[in-house]
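The following block contains the structure, expressed as C-alpha cells.
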Amino acid sequence: MQHFPALVVILPLCGAALSLALTKIHIHLGRNVIFLSLAASFCMSIMQLRNVVLNGPMEYRFGGYALPYSIEFRIDAVGGVVVSMVALMGLITAFYCISGEVRTDKIKVGGAYSVVALFVAGMLGTASSADAFNMYVFLEITALAAYCLIALGGNRGMIAAFRYLLVGTIAATFYLMGVGILYAVTGTLNLQDMSVIIHQGGKDEAVLVALCLLIAGLGVKSALFPFHGWQPSAHTHEERGSAALIAGVMVKIPVFMLFRYIYFVFGMDYKYMKQVLIILGVFVGIGMMYGSIRAMGQTNMKKLLAYSSITQTSYFMLGIVIGAPVALAGSLLHFIGDAFIKGGLFYCAGAIKYKFGTININNFGMIYKKMPVTATLIVSGALSMIGIPPTVGFFSKWYIAIGAIQTGKYIFLVLLIISSLLNAVYFFKLIEKVFMENDKEMEDIRPVKKGELPWSMLIPMTICIAVIFLLGFFNVPLINIVLPLFEGVGL
Amino acid sequence: MTGIEQFLADKGIYFLTFFLLSLGIYGIITCKNYMKKLIGMNIMQVSAIIFFLSLGQKKGATIPVLLEGLTNSDAYNNPLTHALMLTAIVVSLGTTGVGLALLTRIKEKFGSVEEEEIIRRQDKL
Amino acid sequence: MMNIFAIELRPLYAILVPFIAAGLVYVLGEHINRNAREAITIVAAILMIIIVYSMLPHVLAGEEIKIRLFSIVRGISFSIGVDPAGMLFACVASTLWLPTSIYSIGYMRGNNEKNQTGYYAAFAVCLTATMGICFATNLVTFFMFFEILTVATYPLVTHHRDDEGKKSGRKYLAYTLISGQIFFAGMVVVYVVSGSLDFVPGGYITEKMLPEPWALLVFFMLVGAGIVKAGVMPLHSWLPAAMVAPTPVSALLHAVAVVKAGAFCTLRVVLYIFGPTLAKSCHGANILAGMAVATILISSLIAMNKDNLKERLAFSTIGQLSYIILGICILTPLSTAGALYHIVAHAFMKITLFMVAGAIYVTTHKKNISEMLGIGKRMPVTMGAFACTSFALAGFPVFAGFVSKANIIMGAISQGKIFFAATLVASALLAIVYLMPVVSISFRKNNIHPEFAEKGEAAPAMLIPLIFTALIAIILGIAPNAGLHLFDLALMAGNSIFQPLM
Amino acid sequence: MPTLVLEAILLLALIIITMAVIFNRDLLIVIITYCAFSFIAMFLYIVMGAPDVAFTEAVIGVISTIYFIITLKKIDRRCK
Amino acid sequence: MMRKVIGILLIVLGLGYVFVSFDFLPAIGDSSAPAHKHVSDYYIENALKDTNSPNLVTAVLADYRGFDTLLETTVMFSAGVCVVMILGSKSPLRKRYLVPKEILKGKPYGGIPAYKTVNKDVMTTLIEILILLYAIYVLLHGEVGPGGGFQAGALIALAYIVNVMVAPDIKPLFKFTKINAVAAAGIGVFIYAFTGLLTMFAGGAFLEYGKLPFPIPENDLHPVGIMMIETGVAIGVMATIITILIAIIERVRFDDDRN
C-alpha cells in the first residue's frame, strides 16, 4: 500500500518505454499496454487519495535513505486530488486519441501513445514530487512530450512547437537558476527541509531573487498574463487528440507548483511576500481582462478557447494572490473543474473538426441536431465558465469571492464579476452559433454507423459532462478534505 | 592578486555566468535564423551548468573520487552539483535534437528557416 | 426517514415533477408522436397542482415546513421549505401552468411552429425554476434557481431563430446576467458580513453589520436583480423587446414566471433579508418607491400610443409590476398583503389579456389595434373576456384588481404617504385610458371590417383556458378567499413580517 | 595561476565566442564556433574540478555539433 | 549592427547594477558555504559505506538520487520518440515548398568530398574498435573513476556515427533501423525501471539496491544494482542518439540532391 505514490508515476513511464517494442509484435499491443498502465495508475491514485484522506499525508523516499538525502514524493490532500484528476484526464485523452490513429505505420501508432503516456507521467510526477530538482526533470519530460504533441498538429503546429520550445527552455533555465540559488543558500533540495531553513531567516535577498526567477520561469510555462505569447498559437494548432490534455492540464501544473512554493516553502510571513503578491495581483487582474477581450473577436473555436484559458489560469492564480484559506480552496476547485471544462470544450472542437473538418464558428450550423452530445457539453462548459449555479464554475467563484471579501480585497471581487460577464459575452455567442444558426449543410467527412461520433470520443465527453455537474453538487466533501490543509497558511 | 581573486570569488564569476545567460537569451531573441536561436539556447543551458558547478567548488579540493587517506568532507568538491549537471547536459541534448527535427520539417514545409519568410508564408498556407 | 408522502418532502416533489417532465419531453420528444409529448406536460401540470394544493391546509394552519437536504456550499445547505409568501406564488404558478400549456398546444398547432420539443422542455424547466424560487429558504438556493430561470427562458425568448429573436435574446441576457452577477457579489458580501443567508421574516441584517453607505450599496446590488426582472423603469427595455417571442411565451414571461420572480426576489430581499427597519433607515425603500411611482406613470403614458396590442400589454405589465414593488416599499402589513395579492390578481388578469392577443393573432393574423375594427362581432366570447379583464385591471370594485389596490392604498394612507395613494388612483384612470379604446374599437357597430362579418370563434383549445382564467379573475375579485384562501395567505405573510416590530 | 582567475579568463573566452555566434553571417562558421564553445566549456569544467561533467560535455558537445552539421545540409548557409 | 551592441551594453549595465546592489550568493571557494554543509558532506562521508563506490558522483547519481537518472534517461527516450514522431512521415514532394530552380543555379555542385590523404575505410574500422573498447572500459569502470552509463552510451553512439558519416558505403558494424533503435531505447529505460521495480517487489523502496533479491552478500549488492542501471542507461542513451541521427539523416540524404 505504501508504494502507491511511486507506482502511480512509474507505471505510465514503463508503459511508454515498452509500447514501441511491443508494437513491433502486434500493432495494438503497445496501445493496450499503455491503456492498462494508465487505468492502473488512475485506480492507484484514487486509492492513494483515500489513504491520504483517512490517515494524513503519505511520504515515499526513493532508495530508502533518510529524508534530506534522497528524493521524496510527498502526497498531501491537495496533491492527491490533483494527481487523481491528472490521471483521469490522461486516461480519457488516451481513449480520445484512438479516433486520431494512423493505422498504417507501426511507429506512428506506438509512438503516439507513448508520447501521451510520457506526457501524463511527467505531469503526475511534477504534481507529486517534493524535490526541487526532481520537479525540474519532470517539467522537462512534460515539455518535451508537449513539443511533440503540438508539432503533430500539422504544419502551423511545427512553428508553434518551435516557438514554444525556445520559450519553454528559457523558462526551464530560469527555474533551474532559481533552484540553484535556493540550493546555494539553504543546502538542500527537499522542499520540506528548505522551508525549515528559510524560516530560520537571514537570507531574504537571495530568497527574493530566487522567488522572482521561479515566478518568471513558472509564469512562462503556465502562460500567466505577461508571458502568454506562445499559448494561443500553440493551443490552436496542437494535435487534435491531446489538445484537451495540453490546454486543460499542462498549463495549470506549473501554477500548482508555484502555489506549493509560495505557501509551503516561502510561507506568507516571508518579508517581501506582500509586495510580490501585489505585483502578481496586478498581472492576474490584467490577465483576466485581456484573455476575455481577445477571445471575443475570434472565429476559430480553438483560438477562442486558448484565449479563454489565459483567463482561467489567472482565476487559479487569483486564489493564491488573495491568500485566504477559503479562496485557496476555491481556486483549487476551479483548477479541478476547469481541467474538465476546458478539456471538454477542446474535445468538442476536436470532434467537430473530426466530423465536419471545420472549427470556424460561423459554420456551426445545426450542430445541436446532428451532434447532441457535443452540443450539451458545449452548453454545460459555457454555463460553468460563466458561473451558473448547478455547474462547478459557480462554486469556485463563490469560495474565491468569500476569500476576497474576508481579506478586504474588494477589487478582486469586482474583477471576478467583470471577467465572468466578459466570458458570458463570447460563450453565448458560441451557443448562439451552435443553436440558432441555420444549417450550413457541411458534408460529413467520417460518417459513423450509429450515433454521431465513434464511442472512443463519446465516452470522454460524457465523463466531462458528468464531472462538471457532479463536482458542482458534491463540492463540499472536496472542500472539506482540502481546507484543513490551508488552515495554517492564510494571511 | 588576492584582491582580484576575492572580488572574483564574491561577484565576478557569478556576474560573468549571468551575463552569459543573458547573452544566450539575447541571442535567442535577436537572431532571425532558427538555427542560431537553437545554438543560443544551448549556450544558455551551458551557462546554467557553469553556475551550478561554480556553486559546488571548494578552495583546494580535489575531484570527487574518494582517495584512501582523505576522509574529511572539505577535501572534495561537492558531488551533488556534478550529479545534477549530468542531467542538465542530457536534457540540453534532448531539446537540441527535438529542435533540429522541427527545423528540418519547417525547412521542408516553408522552404526557409528565416523568421520573416516563415511568417510571410505561414499565412499563405 | 419520514414516509414518502411526508409534508416536508412535498415541496421537493413539486420542483422535481416539472424537471422530470422536461427531461422526458426533451429525450422522447423526437421519437413519440405529438399528442403523447403534450400529454406528458399536461399530466405533469395536473400532478403539480395536486401536490401544491395538498400543502395548502398545512400552511394555512401555520405549520413550519423546512427540510435541509445536503450542504451545497460549505456552511450553507440546499434547503427547501414553504412559507405563506412562497406558497402564494407557488399556487399561482402551478394553477396557471395547466391553462398555459393547453393554450400553447392550441397556439403551436394553430401556428404550426417548428422545434416544439425544445419549446415544451424549456417551458417545463422554467416552471421547475419558478417552483424552486418559491420554495427556496436561503439565498444560495434562491440564486441557483434564479439563474436557471434566466438560462431556461433564453431559448424561449429566441424561439423564432431569426435575427430579431437573437437581438432581443442578447438584450435579455445582457440585462439578466449582469444583474445576476451583481446579485452574486451582494450575496457574498451579506454572507461574509452576517454569517448566514436564511430568510427570516422581518430581516436579520442590523445597522452595525453594514454601516451606512455600504448598506445602501449592498441593498441596491441585491434588489437590482429583482428590479431588472420586474421591469422597473430604467432597466425595463428587455421586456418589450422580448415581445418577439410567440404569445404563450410572453404570457408565461409576463404573467407567471420571469416577471413575478423579479417581484418575488425584491420581496425576499427587502422584507426577509434587509427587513423594514434597515430598509427604511438606509432610505433604500424610499428611493425604490420613487422609482416604482415613476415607472407606473411613464409606462402608462407610453402604453397609450402603442399600436401593437402585445407592446401595449407589455408596458401595462411594467406598470402593474411596479404596484407590487410600491406595495413592498411602503413597509406596512396591509400594503405588503396588498402587493402579494396583486401578484395573484395581476397574474390571472394579464394572462387572459395575452391569451386574447394570441387568439386574435392565430385566427385573424391581426397584430395592431387599429386593424381590429369590430372584431367583437366575429369573436364575441374572446373580446367579452378581454373587456371584463380590462375592467378588472383598471381596478373596478367588483373585480380582483380592486382588492389588492385597495389594500396598498390603505397601507399608504396609514403611513401618511398620500402621494403614493394618489399615484395609485391616477394609474387606475390611466389604465382605463389605454385599455378602453381597444374594447370600444372591437365592439363598435358601424363600418365593421368586412372580414369580421360572420361569426368565427378561436379554436376551443385556446378559448377554454381563456374563459377559465377570466372567470377566476372575476371570482377572486368578489370573494378574495374563495377556494385557495389566497388573501388569508397574503395577510399571514404580511403580519409575519411586521409582527416582531409591532 | 590561481583557479578563479583561470576560470574568469575561460568565461571571458566563452562570452567572446557567443558574441561571434550572434554576429556571424555564415551558418557553417557559427556551428564550428559552437563546437569550439563546447570544447572551452569542457576545459572550464575541468578547471572547476568536475571530471564527470567535463567528460559528458565533451561527448555531447561533439554529438550536438554533428547533429547541427547534418541539419545544415538541408539549410542553405546564408542567413541574416 | 549598432543596435545589437547597444543591446548588449544595456544587459551589462543592468546586470552590473543588480550585482553591485545585491550580495546574496556565498563566495565561491569557501568550504563553509551552506551548500556544502547540509547534504553533500553526508554524501562524501558515507558514500563508501552505503554504496561502496569510490566515485562520489556515480554514488550520488546512481544510488542516492537514482530516480533523477531514471527520469534523465526518460528525457532522452522521450526526445528520441518525439524526433521519430515528428520526422516519421515523409511529406509527399508536391506538398513541399521547393526552392525555385533559378536560385539554385548560383551554387556550384562540389561533388562527393574526397579525403585523399588517408584510406578512410581502413581507418574507420580501426577507430571504431578502439572507441568501443574504451566505451566498455568507461561503462565497467563507472564506480571507481570518472565515467558511467551516459558517457559509455554516447561513446558507442559515436562509434556508430563515425561509421555512418565517414564511410557510408562499407558494411556498418551494427545495422539499426529506426523502429529497432527506438524500441532499444525503450528497452534501456525499462531495464532501469525494472531494477527499481525488482527492489520494490523484494520489499524495499523503489531503487533501494540493498533489497535486490540476488543471493550475493548484502554489501556488494549496491555495485550490482548500480551496474544494472548503468547498462540500462548506456543502452537507452546509445539507442536514442542513434535514432535521432537516423531520423535526421533519413530526411537529409547525405549526398543529397541540391535541395
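As written, the chains take the letters A, B, C, D and E, and residue 1 is the first residue of each chain.
Criterion: contacts are C-beta pairs under 8 Å (C-beta built on N, C-alpha and C of every residue); 3 or more make two chains touch, one makes a residue touch a chain.
Values in this document were obtained by computation on a predicted structure and should not be read as measured data.
Traced through touching neighbours, the fewest hops from subunit B to subunit C number 2. Touch-path distance (fewest steps) from subunit B to subunit D is 1. Listed here as common contacts of subunit B and subunit E: A, D.
With centres computed from CA atoms alone, A is the chain lying nearest the middle of all the protein shown. Centroid to centroid, with C-alpha atoms defining each point, subunit A and subunit C lie 44 Å apart.
Centre to centre, using the average C-alpha position, subunit A and subunit E are separated by 30 Å. The distance from the centre of subunit D to the centre of subunit E, with each centre set as the mean of the Cα atoms, comes to 17 Å.
Between subunit A and subunit D the centroid-to-centroid distance comes to 37 Å (mean Cα coordinates, whole Å).
Residue positions of subunit B touching 2 or more other chains, listed in rising order: 8-9, 13, 19, 23, 26, 30, 54-57, 61, 63-65, 80-82, 84, 86-87, 90-91, 93-95, 97-98, 100, 102-105, 108-110.
The set of subunit C residues touching two or more other chains is empty. For subunit A, the set of residues that touch two or more other chains comprises 133, 137, 140, 144, 147-148, 151, 158, 183-184, 189. Interchain contacts (touch definition given at top) occur between A-B, A-C, A-E, B-D, B-E, D-E. Within the complex formed with subunit A, the subunit E residues making contact are 22-26, 33-40, 42-43, 50, 63-68, 70-72, 74-75, 77-79, 81-82, 84-86, 88-89, 178-180, 182-183, 185-187, 189-190, 193-194, 196-197, 200, 204-211.
Per the touch definition, subunit B reaches subunit A in the complex via residues 21, 25, 28, 34, 37, 41, 44-45, 48, 51-52, 55, 80-81, 84, 87-88, 91, 94-95, 98-99, 102-103, 105-106, 109-110, 118, 122, 125.
On the side of subunit E, the complex with subunit D involves touching residues 1, 4, 8, 28-29, 55, 57-58, 107, 146-148, 150-151, 154-155, 157-158, 161, 165, 241, 244-245, 248-249, 251-252, 254, 256, 259. Listing the residues of subunit B that touch subunit E in their complex gives 6, 8-11, 13-15, 18-19, 22-23, 26, 30, 54-59, 61, 63-66, 71, 73-74, 76, 78-84, 86-87, 90-91, 93-95, 97-98, 100-102, 104-105, 108-111, 121. Residues 2-5, 7-8, 11-12, 14-15, 18-19, 21-22, 27, 30-31, 34, 37-38, 41, 44-45, 48-53, 56-57, 60, 63-64, 67-68, 70-72, 74-75, 79-80 of subunit D are the ones touching subunit B in the complex.
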